[in-house]
Amino acid sequence: GPGPATGTAATGRPRRGGRLRVAFAGGGAQETLDPHLSNLFVEASRSKALFDKLADYGPDLSVQPRLAERWEPDAALTTWRVTLRQAAFHDGRPVRAADVLYSYARIGDPARAFRARTTLAVIDLARSRAVDDRTVEFALRQPFAEFPNVLAAFGVFIVPEGTEDFTRPVGSGPFVFGSFEPGRSLLLRRNPDYWEGAPHVDELQYLIANEESARVNALLGGQVDYAHDITATTARTYRGNDRLAVTRLTNSGMQAFAMKLDRPPFDDRDLREAMFLLADREQLVDTVLGGAGQTGNDLFGRGYQYYAEEIPQRARDLDRAQWLVRKAGAKGLRIRLDTSAAAGGFVESASVFADQMRQAGLDVRVAVGDKDTYWKDVLDGGSLCCFRSGAMPIESHFSQRLLSTSTTNITKWRRPEFDALYTRAVSLADEKARRDVYAEMQRMQHAEGGYLVWGFADWLVATAPGVGGVVDAPANTLDWARFDKVWLA
Amino acid sequence: MSLPGYAVRRLLLGLAQIVAVTMLVFALTEALPGDAAVVLAGDVPDPARIDRIRQELGLDRPAPVRYADWLLGLLRGDLGSSLTAGRPVTGFLADAGGPTVQLAAITLLLLVPLAVAVGVVAAIREGRLLDRALTSVGIGLYSVPEFALAVVLVALFALRLGWFPPTAVGVGPDLLAQPAVLVLPLLVLLARPICSISRLVRAGMIDALRSDYVRHAHRLGLSTRRVRLAHALPNAVAPAVQQLARTTDWLLSGVITVEAVFVVPGLGTALVSAVSARDIPVIQGLALVFAATTVAVNLVADVVAFRLAPRAGGAA
Amino acid sequence: MIRVVGLRAETGGSALVDGVSFELAAGRVLALVGASGSGKTTIGRALLGEHAPGVALSGTVEVGGRIGYLPQHPASVLNPVRRVGAVLREIARRHAPDGAAAERVASVLRRAGLPTGEDLLRRYPHQLSGGQQQRLVLAQTLLTAPSAIVADEPTTGQDAVTRGEVVDELRGLAGQGIAVVLLSHDLDVVRALADQVVVLRGGRVAESGHAEDVFTRPAHDYTRRLLAARLPATPLPVPAVPSPAPAGIPPGPAAPPGRVRIEVAGLTAGHRSGPVLDDVSLRVAAGQCLALVGRSGSGKTTLARCVAGLHEPARGTVLLDGRPLAPSLSRRRREDVARVQYVFQDAHASFDPGRTVAEQVSRTAIRLRGLGPGQAREAALDMLGRVGLGPAAAARRPGGLSGGELQRAALARALLASPDVLICDEITSGLDTVTQAGVLDLLDGLRRALGLTLVLISHDMGVVARLADHVVILSEGRIAEEGGAAHVLARPRHPLTRALLDRHPHQENQI
Amino acid sequence: MRSALRWGPGIALLSVPLVVALAGPWLAGEPDPRGVPYGSGPLLGTDFVGRDVGEQVLLGGRTVVVVALAATVLAYLAGTPLGVLTAMTGRRWLDELLMRPLDLLLAIPSLLLLILLAAAAPPGALTLIVIVAVINMPEVARISRAAALEIAARPAMEAMRLQGESRWRRAAGYVGRSMLRTLLADLGVRVVGALYLVATASFLGVGVPPDASDWAVMVDRNRTGMFLQPWAVVVPALLVVTLSVGLNLLFDGVRRHREEAT
């Protein structure tokens, strides 16, 4: 398709100094600097500028060490010893094991509702301990080979022991807190003592502009240097324009339709297969993503570690789909497709896909729901809905969404044999062996799962001329929205 | 009825109105699907987690109890705290209020003289080319939604010509510090009210200019200028003042659009995001501010109208 | 001072005023008289160089110096939102820019007979009485130092006392050397003031000359008819030494002869502005005519509206043939509504401008007499004919009828209900003498023929004397005096009654 | 000649969007297969999801016109009788009972009301009609009441009572008809207001599905591609503007005509 322009603006060698102004969509009153409460992209990026995690994800979602220098499990994979690197908080205190244990305890507090709480549930904090100032020993409730994924999980930042007040946050990140006006602006200063080397720019300012057009206008008007999340249309509009350069963040989001397996009509395997076959993935990518993305193969995590590349790509087969629809006795069946403005492209994808379903003899009604409560509404309600997911390891996708015990199992995929495979995989120390089990699990999903993954969206960020160091990394990974490596020419 | 008596009666009525508005807004917000906990849970809508958030926010108590609590707090001057951000609503309103108040105040300040001037000029030239031009442009402009006008103005004056900044991104809460930022938002905000109010002024002025007392003022040898400004105009603006009061409502919806397009983090933005977040205390606080403003402006307008039309005796 | 030669005003080819010429010297008073619609106002405005839209003027109008204008309804030319003083000072400064505005204002206020205190200056026009408003317009005009003044119907709708004051003012102006053009159909006022009279008929001069000559030796037949239709103010000569009635003596019960048709018992009523009527009781026998007389604002209309059920009294009852009527019209039985009818002071306002007169009048027959639309229309046209309105006029909308015609249509509308009691509120004050006489004759005839009971409100003692059997004088919401018409008019006991009779301008100038 | 000058421009302006809106859906025919977003495609190009803009324009007028007109009519149907009733009742308590709740609605910013109501009610044209009507109704009632109060106080009204006319006939036959001038003056502005409210609602993402075939929605949703493919914004925007300018010119003409007739 007609993909958007991708130009990295990296001009020449890094240069020091200046104030980098970055524009994101924000959350108004709800914005917070508490890294454990991070929810929005702007909050994730800010947390990353102010704090560090023990580990983070590379471009293929493999885990890269950060504050943790290294980690070693015991043979049973139930005790993990993590060694911290030499790093200091902005107030000069060193980052110690106690800070790590405090941070994890805070997130895991059963009385509270931090997003990453369930991720940390595998850790038995009561039995975990600080071996010394720079060594933490985590005791796990069960063998878990993918423990590094926990260290890198979304929002698991290390804060100084005892911190509850984040009005003037102190972290160990590349930038030091300056001033904050919620919903408007956050000003940060360069941390000259950052363990990974000080940032190039002197100051970093986060500015909030919820409207995409406003972010682009601000960039074109020279009011900001970096605009997060622009549309493919905007990228096309300014292709060849020297006032704006676009960087693609390939593979940032999975785009799917989720079918519920525990109720009619999609408890019928034939109908699911019909759905897989009737989907015109290219058309969806071209119209909904404006060409900025790749088609999907009904599996999460294309290009990520452990992704089952070997499973053949499904192609559209309308005849067979029509035949399967008839076989399932679903011809003319009235199906509701839930969507909402909860995520960009949902409504568009629903209306495009509804047309495709109609071609296969299904009667679809697109229902546009409330965008604010969408995720809750579709978790248990309806039978077919639009779905998307940000980047995460494939293992996390399994554990959060596909186990019988998963709390956000939207497709209601509940298979004891699949659960057993998962338990086996995460107890395998050998990566190769694990990969095989994951591949088996993905084959099950591909054959009869509930996710119709039609594409992977690239995200686009725009930068002003002269901004360098913005790299292509999926959203939510280490190098995404990371500004200590960016410079102003 | 005497003016003070009238004002006091209206004031009491206004207070009752404000409380009733908060009650209605509370009920409507409660009627929205989901609550703050559901919204906070976002794309991780784990039911257990939602319950825990609900507990943390005190949303597990029955709605009437929460409203009563809020009302009691109000009596002590306490508007409560934002459910999602935890900050006191008053501080929140103060922050967001600044830019909005500036925008609205400057708009009103410019609106009145401009609308009156356009209306008067059109009325004096009634039926002539200038009047026809002003009237047609007025209707045309009146029909353009604010967001469309904003897009056009930004594309032309900010991006093409570069005369004004396209947004207020990066400008502090005091917009006056960079007046250039205000130009385009003000143009957008002014466009429609100027049209509607100048229409009323024009109609009122035409009536007044045809009236017996204006003809008589001419007979008494007063200058045309004086007759128009001191004798006809005060009668012409009375209906416009009432409309002006209704303009606050308009201005507010205009402000929401303008704030979104030009990135002014004011009350309009706050309202939209608070409704999205089901942040009831914030919505209540905003409804209170808006209702109080509307009531106050209407009160002032009615009192001014009372004063402008001494005969009517405030039959509003 | 003023010279008019061959003045012509036309609209759409037809002449409203044609070939009018006259001259007027300083300090003299010229009266233009004539029936409603004869062109008086048109000429008056032409003197100021004004004309209604669509009207073309030709001929010569010469005025030496400034000319001022006292319009018929002063309220409409006073700006409702400007304080009295501010406007006066503004005019003063305009005409004598070299200061001393306050002094000049005070001086004209004195000349116009108004108090010069700050209190008056701070008021708005609506806070003045009708008479004061008229004098305020005069004061404004005087500030412009006019050498001539046009006074258009300055006495219509004013009570006798006010009328006398207006006459005095105008006479005073002439005494100050100002030429006065008086437009009026009130021949008494004209008689009292004018040096010269121009009688208009259909826009043409029927007769003109010295007032003395025109009144005593009218040359034109039309003038004679106008004069003949005048009503004598009092049927009996005024006693030389009136015996003043001590205040507080209750008015003589004077039980009317015959069966009591309508009775008002202990009526107390008011508006939001305050109480208006205080414990008023009166009775009218069947077939009699009661006249309600009193100064402007004394509560006559309020009383009449209570009887008609248009205004709810605070206390007291209205009885028809001894049976109490519901205070509100909406709770009265349909036949009671039909039996008590009311004709409004302002005929023009009592019609819907959007529908034809015949259509509106016939509704009475449909609603109150239960006739079908066709029959009702016939009955309406018949009744309109009886009050002197042809089917052509009836087919028009109210805007196409003259004031006098509309007043008669309103009368027809009420009479169509075959009422037993008819209340007439100032129904003749806007009419010229000839038309007025016609309407009065009609009422008198109906009364005799149908036994109609009349309640008549009027400022005009001539009208009262012509029709009334019984007179009630209202003063500030109480009955000041009551009795047989002949008796009250001949021997007024209350000072107010005497004032209302005494200040009759006709007598003032009696030769 | 004069009348052509008076009615001509209004009717001409009005007829274009009205014909497109009302006849459009018949003219549109079967939907073409989707193209790329903001492509140059047939005639007017494609919109943000690759649909033919020309076809969307044909399909998209009906909802805007119907919603705005229906909402306005509904507001008048509810508001005018209420205003007339309160103006004509002599009973103060009834007046207060009916008017105070409306004052309440007036004191809530209409946009807040719009956001809340739209979020609480199921989306769709009917919801939007009701919401826009609810928002406009109190003001219609107030204006009607003010106009009716003045008319009901005229002696003509009392004359009709003395003729035994029923309340209904007085209200509808006299007060209602006499108010027409005031209501006409208001109508032009109010329809535009309703149009505008619908457009703003979709800008805020409430009421109508964001991919609905609807001029107001089109203007909003295709904004991003305005420089790639302007027709998707310009054509529906022009149609909305012509519609409201035409309506206003027409109502102005009607008003002046009635003014001169009386």
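Which chain is which? They are A, B, C and D, in the order written, and residues in each are numbered from 1.
Keep in mind that, in the parts below, a contact is a pair of C-beta atoms (placed from the backbone, for glycine too) under 8 Å apart; a residue touches a chain by one contact, two chains touch by 3 or more.
Model, not experiment: these values are computed from the prediction.
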| item | value |
| --- | --- |
| Least step count from chain A to chain C, where 1 means the two chains touch | 2 |
| Farthest chain (mean CA position) relative to chain C | A |
| Two chains sharing the most C-beta contacts | A-B |
| Centre-to-centre distance between chain D and chain A (centres being mean Cα positions), rounded to whole Å | 45 |
| Chain A-chain B separation of Cα centroids, rounded to whole Å | 40 |
| Centre distance in Å when chain B and chain D are each reduced to the mean of their C-alpha atoms | 21 |
| Chain B and chain C, separation of their C-alpha mean positions in angstrom | 51 |
| In chain B, residues with contacts to at least two other chains | 32-33, 151 |
| Multi-partner residues of chain D (at least 2 other chains) | 119, 223, 227 |
| Chains that touch, pairwise | A-B, A-D, B-C, B-D, C-D |
| Chain D-facing residues of chain B, complex | 13, 17-18, 20-21, 24-25, 28-29, 31-33, 136, 139-140, 142-148, 151, 155, 196, 199, 203, 246, 249, 252-253, 256-257, 271-272, 275, 286-287, 290-291, 294-295, 298, 315 |
| Touch list for chain C against partner chain D, complex | 308, 310, 328-330, 334, 337-338, 341-342, 344, 346, 349-354, 363-364, 367-368, 399, 410, 413-414, 417 |
| Contact set on chain D toward chain A in their complex | 34, 36-38, 48-50, 119, 123, 205, 209-211, 223-225, 227-228 |
| Sites on chain A touched by chain D in the complex | 1-2, 212-213, 231-234, 236-237, 283, 286-288, 290-291, 341, 347-348, 350-352, 355, 366, 368, 370-372 |
| Chain A - residues contacting chain B, complex | 21, 23, 27-32, 39, 111-113, 115, 117-118, 181-185, 205, 207-211, 213-214, 217-218, 220-221, 223-224, 342, 370-373, 375-377, 379, 407-408 |
